[in-house]
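Naming follows writing order (A, B and C), and every chain is counted from residue 1.
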């Protein structure tokens, strides 16, 4: 399927989703849906570095929060329309992603993961001590009541996140099927051999961290408007970090489909749990589901589907089934 | 013949352990060089230093007239230096065809602005797989290959990088007599096409039949360099192999 | 900020004392990450678990928290052995330990922390003991006993561990398993059993470290998160698996944190230890081949 056609289909699906939310009438669905879509972006973004390249980023929350805080900073200076803020968030987090990559990508797998965690805490400390954006006291952003022609403001935010989700998925799919995607796969499989084959691993890894970070920042930019009151402890919360790792792992890390499935399933599950039980149980569920899947179904839901359809053994990590120009390639 | 590869005074230590010291050797373009030595003599370390996987502390490496010092491994591959690994390292999540696609996309395509179209790349993949007899398994994954097929894939992948010089690091270890012959045939054919080959092996009859010149490494030092038959008659070489 | 020599001395001494405690907290990770190469990012959660168990025993039975934690160590050992068994069967054997192993422990971290929140709530808990409260004064120097006692017992714990690793057969086997599993097998020692023992000990130390923690400060479930980076920072700085190195690194971080906190405020302290970690990682040659 060509890229253009895929994009059109995505946009059509998005239109259907938006219309469905409208039809349900209750603004709650927009609020809940926003969170799920936000996770679609986060999970897809994480997977570009984690699933495609095999580099685990524990600091997703930092990029996400930086997007939110750069929106606040710009807003304090001079209010801008949200789409522009999204761009700002993307650029800021993208640059930080590049910087982080430059500092840490020469490290072996586990060290890289720990370094990302360290960086997240350092960034959080810097923000906590930065009075201009409210520091630890937090920052208030007044959400406008309504905006034409959507009605309530949340519907506008929902639409923005919907478009971001489409964008993230499109980017992920483009990468997957390009030379870049092949390069990423070699980095994941065997970095040493990749170098020996002429793959500029450092450059590719930097591209991955920049894109990944940038997308996370874009997901974070509308957050201040969504919640109205931004605090470092919530913006930098470990919950964002664990979800952006759990969702791709549960859905499957080998393609763009996995994070989408994981985010929709797990995100919806959490929204339901928050409302029906409590938000703490919410995280408990994530923990159990993550551990369960990682032990029983290492290739996630995609892996399970493959196993069921093709009766193949499930123990292959990162199994790719798409060749760029083989006849009859699907998806 | 000008030197395709020129190593001068190369040295490498790991902490207090001296892996290589004062290694100097030249390989002429189109030559077939054999490199032998007991286990632990530093052969693989030497390969790693030449190819950029490891950084040498002393000495220089010149390839095709240009110094390589400071170049990363992938830059060296792009210049035309390819190697296989002692233990094959295929990309496990990619099909055989895709494994070969990687060096074509990244090493060859990046060379001197050359741009290969996707159909050209696909053609070359098929061609290379045919050369090593693996074209029927093009869509399979490396885990489904036998030992000798893995080594052939490893060689094919190195060949896909269209190298000027190929270092074959123990490509025949653990293979049967006829399998060794298959690999040798491949290497000879490659050499006939103009590729300089350095063969690192323990299987002596393969080394003797293939090499035009033989270099012996013992405990990180070069102790012999010359005609294969003469080198094998060298008492020091005898001592290194029999005395171990 | 008024610079006073007294403040500085107190900060440094406080840092050294806390540093010993940090070393006890890190000892388990030195075993699991430094020696066994298992990234047990959930270790701080087990420490908090240890704190809560010490709290319960102290509240119900009036027993000294540190003593209580020592009594409970066999249970923690069993827990650690069990977790390693699952980890080994699911990940190590399949060769997938990097991403999925990390995710596994991340999940455990969450499950433990949230379970504690659900059971105990988010209120701070503290223990009662004779040495919590009094402070010894030596001229300008103040040494709170509630920090001194854990410090001393920490040093004893680390000393005992070091002796165990260096002098006993099992201990040396643990050191060896990191380097050469084949050699171990040739000596008819099962490397998996050794690793299981090592990991069990690692979690057992968390029990005791948890008691130290709740003696030093009141505890609530999310306190563990501060320690994730700190613990790995110290482990890496200390040379990965060397207990003496861990001790020195822990005191170094303790001092730097303490001085920063005293003169610049506690909100900057996390950045210090994590900044240290980043610096260490940047400088340490832990690249692709560990040249």
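A few comments on the model shown:
The rule is short, and it goes like this: a residue touches a chain if its C-beta (ideal position, glycine included) is under 8 Å from a C-beta of that chain, and two chains touch if they have at least 3 such contacts.
Quick caveat: nothing in here was measured; it's all calculated off a predicted structure.
The chain with its Cα centroid farthest from the Cα centroid of subunit B is C. Among the chains in view, A has its Cα centre nearest the centre of the complete protein Cα set. If each chain is reduced to the centroid of its CA atoms, subunit A and subunit C end up 32 Å from each other. As a whole-number value, the distance joining the C-alpha centres of subunit A and subunit B reads 42 Å.
Mean C-alpha position of subunit B lies 47 Å from that of subunit C.
Looking at subunit C, residues 289 sit in touch with two or more other chains. Along subunit A, residues 192, 317 each make contact with two or more other chains.
Listed for subunit B are residues 53, each touching two or more other chains.
Of all the residues in subunit B, the ones that touch subunit A in their complex are 51-53, 72-75, 77-78, 82-83, 85, 89-95, 97-98, 101-103, 105-108, 110, 118-119, 122, 139, 141, 143, 157, 160-161. Residues 179, 182-183, 185-186, 188-190, 192-202, 254, 316-320, 323-326 of subunit A touch subunit B in their complex.
Residues 50, 54, 56, 58, 103-104, 106-111, 113-115, 117-119, 121-122, 124-126, 128-129, 136, 191-192, 238, 242, 245-246, 249, 253, 280-281, 283-284, 286-288, 290-291, 294-295, 298, 315, 317 of subunit A touch subunit C in their complex. If you check the complex, the residues on subunit C that touch subunit A are 33, 37, 39, 41, 86, 90, 94, 96, 98-100, 102-104, 106-111, 114-115, 117-118, 225, 228-229, 232-233, 236, 267-268, 270-271, 274-275, 277-278, 281-282, 286-290.
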